[in-house]
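Accompanying notes for the structure given below.
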Amino acid sequence: MNRNLYKYILVGLCLVALFSCKHGEGEYHGVTERIEAESKNYHGTPISSEKYLEGLETIEISEDGHTFLIPDRKGQIKSYACTECHSKPLAQMQSKDLKKAHWDIKLNHANSNTMNCVTCHNPDNMDELKSLTGNTIDFNNSYNLCSQCHTKQFEDWKGGAHGKRIGGWAPPRASMTCVNCHNPHKPHFESRWPARFNTEKVKERE
Amino acid sequence: MRRLKVFKSLVKDSLDTITHGSRRYHIWMAVLTFVMLVGMYCYAIQLDQGLSVTGMTDRVSWGLYISNFTFLVGVAAAAVMLVMPTYVLKDIDFKQAVLIGEGLAVSALIMCLAFVVADMGGPSVLWHMLPGIGVFNFPNSMLTWDVLVLNGYLFLNITIPFYILFRHYQGKESKSSVYVPGAILSVFWAVAIHLVTAFLYQGLQARPFWNNALLGPRFLASAFAAGPALIILVLAIIRNCTEFKIQDKTIKKIAMVVTVAAQINLIMLVSELFKEFYAPTHHSESAYYLFFGLHGKDALLPWIWTAIPLNVLATVLLTFHKLRNNFKVLFFCCFILFIAIWIEKGFGLIVPGFIPGPYGKIAEYLPTKIEVGVTLGIWALGAFVFTILAKTAIGIELGKLRYKKK
Amino acid sequence: MSSNGKKWFSLNLGAKPKTSGGSCSCGKNSGGCGGNGSHSHESKEPQLTEEEFAAAAINASIGEERTKDGFDQVFDVKMDRRSAFKKLTASLLIGAGAVSTSCSVISGEDSKEKAQIDWEEQFKGNYKLMNDEEKKATVDRLVRSYQLRTGKNISMSSKNAEEDVLFGYAFNISKCQGYMDCVNACVEENNQDRNSQMQYIRIHEMKDGKGFNFDEADDNYYHEVPAEGHFYMGTQCFHCDNPPCVEVCPVQATWREDDGLVVVDYDWCVGCRYCMAACPYDGRRFNWSKPEVPEAEVNKNQHYLGNRMRKKGVMEKCTFCVQRSRAGKNPACVEACPTGARIFGNLLDPESTIRWVLENKKVFRLKEDLGTEPKFWYFMD
């Protein structure tokens, strides 16, 4: 009788062991593999972030196989076009007793050996920017100006590793352009106080 | 139909027994009831305001309740140390002790379940955990395993002694063919409840302090030291307070069990300490915190440095036959061993698992008064249940309680 | 039938203690439901009988294929057993109070409806196992309940995971300046408890030259940032692909959705905190007391699995702002970050920016050796 009992117990234990084997889950070895496998037949999603871009003037750019939207710049600059005021050559405007306009701009971008106003602005054509070699660059495409030096950041920006998305994650992609975050005359981020302080955490760790 | 009548009479008789007793007995029960009421009051506060009335935080999210739960699972499992020789190996010495042991297991399990419920954030939705009407995440979650084995063990430990007592109550001998299979099963089961409880912690890769292979075996060793130690103490009290005869031989045999388990436990402790401190890694920080404190935080030091010397002292004393056979020394050893393991397996195991946190942050844990109140209440509940069970069982075993045909 | 929430609710004005599951979740028999719906304007007493009549008719016509939610989904338990269980536990769990309010003719209509909703909410099933109609029903109940309690309207979504979407997140360590704007945005978006100052995101201020040394990092700094000689690293729930928290939950109250989000059904959670112990990333938070958010600050754009109001004693965590991300928006932290250190997107879309980051930057994850497969990567310029 005892022998039978042991048999039952043994069978029972085996069943429990069998039943407790984890199943499923292990389809992929890791998430990278899963991404690779599942994105092979990616058909796109119905989710779109288009409605979050409403009311925002954008222009489409295509660089290096990356096509996306950036905010329109010219519409954002106060009193564009510049030639509305800059009707005369700069030298004349400086000497005359005109109302001061850009007097508070202090250039804090690289050092004065590397950059001054005319590195980017064309004194002869205020409505356009100019490249180092003297070609004109549209204000809307100012990233072309920045990318002359900041090549690494430009690469990252095109891919999406640098800069910030507008709207949402879903296509169409709209990204901020350089000057949306960086003031071109003073491109670094200011230091400031953190947005909040957690007093409960202090208590908890006393 | 007849059985039902006998059962009714048994309930009546046992109610009669447990409501009558010496003055000491009444005081004892009154004190327990009072502590239970205090515990219930504390629990009511906790229910009303949430677990924020406890000392637990997002950092240390399990505390006194789960510590006690872990320890008591061990106590419950220890009943098997008496069951095995009595029922299976037919060692007659343990026969009287075994009913007491099983009663202890039942009350320990009730305490376990009470501690788990006390620790829940939403006790009103606990039905979500019931297999059948809720969703039972079996076999993935070790907690579901624990629910199964604990309740199964509770069932076994209620039915076997009940059967025996029920037969004795009618003046018949219990049939071994009925209870021996159950007893054998409960032997396996006892090991299972403690291993499963260890796996509950051992399976968490997030907590390196628990995630070591020795945790399960160490749980067993310490349980088989602390549980029988408690049984010895209880037997000593019963011997003094009732006419229930428990032979010296029985206690000495249990003492032997305690000694061996305590020795094994000590060896494992040494092995653990060696691993943590000979070649300390990032994962040894919890052990550092426990034994030496970390970054000036040292709330657990008094606890663990009470536990370790007590543990060593008790084990050493028990190792010498001469000392062990002296009952005064034995009871003292059992008492300090019990305390030592309660600290080690409770506070010393659960709390440092959370300290330092996943990102090295240290928030210390100290139970609040309400938490302590609930805990004491549950211990009182356990003692209360045990007293009732033991009093009835002793009454039947002594032949005072017998079914009378009308 | 369930497209009109208002209509559905007017059905439940009847003060019957028995669940109206029969009328709400019988997706298969539109006839019965339509019949019920037409009674919605009638007075209470007749409605009750009509309703019962309709239920009886449905029973007779489709037999056992009756309502299915909660327990039934799981184990296909018959209605009888379920309602029997409900009746049994009623007095235990809700207390006689709720029953009497839901039965009493004297008490106000609103409180009756409230009790009715509470009742159904108490005994509803696990959201993970609900079908779309049941999800809709519980969401409608919660919206109505909020309206009854505060007089304010919220919108709550039960939008499911979209196909071909797997959310992923990348964090640029060189860009983060430690401003904690993300933390602010997260707390406001997700209605986290203000009293305990619960925060899903932690920003760790680390010393240059010490590597990623979390032990010495400070995640509760308050001084001008970025501090000299320090860099910043944010952590939150990493939405592991192999989440240990999901594994250990005894009641499957937390799970990984098809789009990769690890979510919690706050109403199903029993509060055992096992998941918290199992999480190696400090990603989970517990409501130790009743979470409170000033009425004016409540974000009313909610999702059942996301930022809806929680109760005390349940787990919660970052959901990558499921109410936003499933609608195509970025999580609040991503949108709030002024430095563009946070990148979010669809890992399955080969054209997405997150994929470009993963393929072109040197990315790594925290505690990769644990095999949890987080979907949260770190990289540097």
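So that you can tell them apart, the chains are marked A, B and C in the order they are listed, and the count of residues begins at 1 in each.
The criterion applied here is as follows: a residue touches a chain if its C-beta (ideal position, glycine included) is under 8 Å from a C-beta of that chain, and two chains touch if they have at least 3 such contacts.
Given the structure is predicted, the values throughout are model-derived calculations rather than measurements.
Participant: Can you tell me which chain lies farthest from chain C, using the average of the Cα atoms as each chain's centre?
Facilitator: When every chain centre is compared against chain C, the largest gap points to B.
Participant: Tell me which has more C-beta contacts between its two chains, A-C or A-B.
Facilitator: A-C
Participant: Using mean Cα positions, find the chain sitting nearest the overall protein centre.
Facilitator: Ranked by how close its C-alpha centre lies to the overall one, first comes C.
Participant: Roughly how many whole angstrom separate the Cα centroids of chain B and chain C?
Facilitator: About 38 Å separates the centre of chain B from that of chain C.
Participant: For chain A and chain C, let me know how many angstrom lie between their CA-based centres, rounded off.
Facilitator: Once rounded, the distance between the two centres reads 30 Å.
Participant: Centroid of chain A to centroid of chain B, CA atoms only: how many Å?
Facilitator: Comparing mean C-alpha positions, chain B is 59 Å from chain A.
Participant: Enumerate the residues of chain C that touch no fewer than two other chains.
Facilitator: 196, 219
Participant: Give the residues of chain A touching no fewer than two other chains, as numbers and ranges.
Facilitator: Counting only residues that touch two or more other chains, chain A contributes 205.
Participant: At least two other chains touched by the same residue of chain B: list those residues.
Facilitator: Residues 57-58, 140, 361 of chain B each touch two or more of the other chains.
Participant: Per the contact definition, I'd like the list of chain B residues that touch chain A in the complex.
Facilitator: Listed in rising order, the residues are 57-59, 139-140, 177, 180-181, 184-185, 188, 361-363.
Participant: Given the complex with chain C, which residues does chain A contribute to the contact?
Facilitator: That would be residues 25, 30-31, 34-35, 38-39, 42-49, 52, 152-153, 156, 159-165, 167-171, 173, 175-176, 181, 189, 191-202, 205 of chain A.
Participant: Along chain A, where are the residues that touch chain B in the complex?
Facilitator: Listed in rising order, the residues are 1-2, 5, 9, 13, 19-20, 22, 204-205.
Participant: Show me the residue ranges of chain C that touch chain A in the complex, using the header's touch definition.
Facilitator: 162-166, 168, 170, 172, 175, 177-181, 183-184, 187, 196-197, 199, 203, 219-226, 241-242, 324-330, 334, 337-340, 343-358, 360-361, 373-375, 379, 381
Participant: Can you check the complex and tell me which residues of chain C touch chain B?
Facilitator: My answer: residues 71, 74-75, 77, 82, 85, 89, 93, 122, 126, 129, 196, 202, 204, 214-217, 219, 235, 244, 247-253, 267-274, 276-282, 284-290, 311-315, 370-372.
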